[in-house]
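So, here's a batch of structures to check.
Below are two complexes that have subunit A in common, paired first with subunit B and then with subunit C.
Let's turn to the complex of A and B:
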């Protein structure tokens, strides 16, 4: 049961981070925490021998690839908008959207 | 036996594999890329058709489940039976239609390599979904079609398209979670993921009845979200931000039918145990039927009020899928019931007439550059061919004999009548009357009357031939599909009690036709004689128009939930700042809060240093957890 508690705690931290942060990077880390908590469950609660561990390898390799892509995107976004604050970026996009509509 | 297995693999592997080459070919020549996609779609359609003879001559059971081991205990395979082949043929056929149509409709757009890549990826995933022989494979493809839908809705990178794409993705995820839970419970019970294994498990009786009922309801939850049923139907209207060709393929003909496929497949699986079917009879089937009936009438009434031409077709789709659900809910004796077949038969005829509607709407939008029906009118002179085809579409949609929906919708109403729920029957008849009203309204607003000022300013032209030919083919199927009912029944290995002529003879037809007369009269007086009564009710401020203009307040309710969550998280942020505000990272937050309330964090220390720290922390965390898991796994320490 220890692992269930650990993954629950990780899930809790991740959700807390998602709720309180608007920095894209922190949001990303929170999401990774949640995903890792899920992977932990996969491994520890696997019923047939070896399958959970096999999934762990699969999950980690895809996770790493996804992280690479997301981090690259984050760099582009923060360079383009000069900030990595979700609220500000959404605000900018919305301002841009309304101004485009006005032109049409 | 070998040949079917071979083409059943190729039919979804080829589009998936070919999708990778689309960007490469697009680098050299746009024209070559377009024809490449058409060729792949044609090959897919041909392979799908090649599955038909063996199923036709078979016994109606699954022919083969050739599978390849992937991970220990998990395999990938194909499951060939009438249900999956029916869907495969429909998807392959529509893939070809849309690939040809896209050449005309998407001409000169930016990012077409991305568009065609996603279309091929979608075709492969959708066929993979219906041909999968195990639930994990089905779920992977189930998610992939959702992803393609999201990416194609946001195709034009406009803020509202992006918002619509995200909304669709999140709303359908609710159902995905339910489906995943159902798969998990089934795996725990039978220790297998394959359909064949589950069927064997149910046949031997080694299952817990209460759990099976829960599984059935979770499956229903997955189908509701994917097929845009109450209460999660609002995403389909938002999905109309997609290019019209995508709406025709994903949001009318194939992807939204995934929920219907899922329910039909699981009813087929549950049917092997009569005790299980009788356990599901008191609650599960009536719930499906009620969801279907209520969605049908809600969708039809909303189609009556929207001014967006694609919105009418979207709500019409919602309403027609409601009919299919009502048919599945009437299948209380399992897959042998008329309702099961009626639902699938209507599924195909709906794909034909709704697809035709979308193709024509695409031509109209292409010609005049707006989706607002109030800016249209009098198009019959400028677009005579679209006018004639749209007439076929509205006759089919409203279910007039002898076109496709007359037989399929009639069969659904017959099957619901057999279950004897009077209120459901009345609501279904009311829906058919409203269906007639909304298609006539759309037709009148777009093609009849005087040309609007918006149209007089521009030169309106008929859609190009490459867009009209697919529409002609679909119109042909609208006419002949209903008459092929006995052939389809023998293909599905279903025994229908009444023949083709029976549809004209039974009691439902006169009731249904007599209902159309008052509706038609109201429409005639409103749109041709200028009678103001209905318009005043629609434009005025009364409970009915408020309810319809807000789409029954479903989206408002979801927004309230969203607002509640945002408020909760903002409160939590404030608590965190109050408690931990002295730490360096959050100090920046506090300073900027003080300077400019409502705006969050500016990074004071420069992005690069904290960036590296965070990544380092994440990597260390990853490594620690990985070491922990591998160690405990190697030492055999279980939970």
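Let's turn to the complex of A and C:
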């Protein structure tokens, strides 16, 4: 049993989800998984138990700040475009750009 | 043996969290991921880490449940049992390297430092700097939302 490989697999799953998912909430979940993989490494690879947990607390505080920013962006985007699907949002922006070009 | 079971559960719940169609079920699977990680911390003697994982996890999950219900798009069709089974199978296969392989190498074990010493004597400056950064981010978000609300009225 090796926690380095476990956290590497979790990191891989998170990065794959980040690259392939179109839903903003799923992107958020992917970032959470990547952060969890990193914090798992902090605790398991620390040369001292206390030091590893101190690093984990610092990593959690950063992770929580990042979560706040992502959720704020998610609320703004969902209110503005009525959806949280990145594919639909990009399509809307392209349609808008095309109609503006036609007017000009 | 229990670590292997937890590792398999962790990878399967992570896969389900990402690839289930319904957002609510994804968040429930993410709750499972946080639970397995916290349990691994407890079994390794990192009790503070487990408590923080639970506390942060509960906060994140409650917000995700709410935003998933309010903002998430409803999928056209529900995830079939066959697809869920396939995802569980993929998760089990992906967890095999963590169970059977190991990376060789040695780490120098430092004399055990208590979490209080580690936080305040070794990383004290980091803690203060991060607190300033987080406070700035929180203020920034509050100002942006306030300006947006003001602009909307």
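Operating definition for what follows: the second predicted complex is superposed on the first by the 86 of 104 C-alpha atoms of A that agree within 3 Å, B and C clash if a C-alpha of one lies under 4 Å from a C-alpha of the other, contacts with A are read in each partner's own complex, and residues count from 1 in each chain.
Keep this in mind: contacts are C-beta pairs under 8 Å (C-beta built on N, C-alpha and C of every residue); 3 or more make two chains touch, one makes a residue touch a chain.
What you see is a predicted model; the values in this text were computed from it and never measured.
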When both partners are placed on the shared chain, which of subunit B and subunit C touches more of subunit A: C
Touched partner set for A:65, first subunit B, second subunit C, both or neither: second
Which superposed partner A:76 touches (first subunit B, second subunit C, both, neither): second
Touching partner for A:23 - first (subunit B), second (subunit C), both, neither: both
First (subunit B), second (subunit C), both or neither touched by A:93: first
Residues on subunit A lying within both footprints (that of subunit B and that of subunit C): 1-4, 16, 21, 23, 25-26, 29, 32-33, 36, 40, 43-45, 47-48, 50-56, 58, 60, 67, 71, 78, 83-85
Residues on subunit B engaged by subunit A in the complex (per definition of touch): 71-74, 158-160, 188, 191, 568-569, 572-573, 576, 599-603, 607, 610-611, 614-615, 617-618, 621-622, 625-626, 629-630, 632-633, 638-639
Subunit A contact footprint on subunit C (complex, rising order): 3-4, 7, 10-11, 14-15, 17-19, 23, 26-27, 30, 33-34, 37, 40-41, 44-46, 48-49, 52-53, 56, 59-60, 63-64, 67-68, 71-73, 94-95, 97-99, 101-103, 107-119, 122-123, 126-127, 130-131, 133-134, 137-138, 141, 144-145, 148
Touch list for subunit A against partner subunit C, complex: 1-6, 9-10, 13-14, 16-17, 21, 23, 25-26, 28-30, 32-33, 36, 39-40, 43-45, 47-58, 60-65, 67-69, 71-72, 74-76, 78, 83-85
Residue ranges of subunit A in contact with subunit B within the complex: 1-4, 16, 18-23, 25-26, 29, 32-33, 36, 40, 43-45, 47-48, 50-56, 58, 60, 67, 71, 78, 83-85, 87-88, 93-94, 96-97
